[in-house]
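Letters A, B, C, D, E and F name the chains as they come in the text, with residue numbers starting at 1 for each one.
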């Protein structure tokens, strides 16, 4: 299975915060801690827990660039 | 200056492809090559070139998670 | 492989318009023609052509609702 | 009134889950169940309930494509 | 017709740049110049030109906040 | 520090609604009340309160246009 999203960063889940509708999942990817907000349902359906190996998937049109 | 976007990944620009309206910028961040599509105007305004140091900024609601 | 994006609509590609950076792909999903803008690179990498079977993947936070 | 978002899928609301800030609304569109996360306020302002007829509106740049 | 997107800013088009797939439209809204990237097709379908009155529509989950 | 997001609207916070994961912040920008949904953590980290001066930052690819 291939997806058009250009950015796929593999890492390990470090924390999960469950809301009613959404959930915040923090994923350690190398030196960076990636924070993702997805639906609570998806956290449950994909059985995402602390220690899970996941891939953060990001469409390129969603990424901004900042310069100093 | 602080921004609410939870994800800020510092890296070096490896390539820039200019379209009429948009541009694709590839940024080396550790082991990952991040691809961002922003406006051509912003590439010019921020003087983004190969070798530039930039920070990829991503709102957490834009990040999906994938499991094997 | 499972992805957190809640919406996955299977269909057939009806047209592809290639720009320099982006491409527009129209996908027939039942009675609806779904239009997606992804990078040209992904169209090439995923070998997306008219007649290809694809799944349109959409994060739930990207979907608005309209009432009459 | 016309909107630039290329994707407008008419359907019927099958469920509504209310959070404090956001809400998840599931909409039956043909064979597919579309899940949208919008603000709780909008669910109330637009009086969206189970059985409501709504149109799911999706900007084309928010749609990824997946191939097997 | 009502849409769940919380932000609807009325203004006047000041410029249109047409790419192959996308187009950039600048809209004067009070003291601010709003820049939108939509598909070229939508610019044509909605007959958007310099001087057109349009409403910029933005889902609240797409808006970040910055502090000094 | 410069960011590629084309839209940066300065205003004053009029209300903050805190959820478990997300928060809704309303910002007065001229005649318009902009509503942003960001993470609760960012509201706390950036110390955003009623009366705070903030800038709403919006990537141009996230803005749709509507005509009457």
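By definition in this document, a residue touches a chain if its C-beta (ideal position, glycine included) is under 8 Å from a C-beta of that chain, and two chains touch if they have at least 3 such contacts.
This structure is a prediction, so every number in the text was calculated from the model and none was measured.
Taking shared numbers over all numbers used, the chain B to chain E interface scores under half, which places it in the different class. Chain centres here are C-alpha means, and the one lying farthest from chain F is C. Chain centres here are Cα means. That of chain B falls 22 Å from that of chain C.
Chain centres here are Cα averages; for chain B and chain D they lie 29 Å apart.
In whole angstrom, the spacing between the mean C-alpha positions of chain A and chain B is 17. Annotation for chain F: residues touching 2 or more other chains are 1-6, 19-20, 22, 24, 35-39, 41-42, 46, 48, 57, 59-62, 64-68.
Every pair of chains that touch is listed here: A-B, A-C, A-D, A-F, B-C, B-E, B-F, C-D, C-E, D-E, D-F, E-F. Residues of chain B that touch chain F in their complex: 1-6, 36-39, 41-43, 45-46, 48, 57, 59-61.
Across the interface of their complex, chain D is touched by residues 1-5, 19-22, 39, 41, 59, 61 of chain A. Those residues of chain F that touch chain D in the shared complex are 17-20, 22-24, 35, 37, 61-62, 64-68. Listed in rising order, the residues of chain F touching chain E in the complex are 3, 5-9, 24-25, 27, 29-32, 34-38, 42, 46-48, 52-68.
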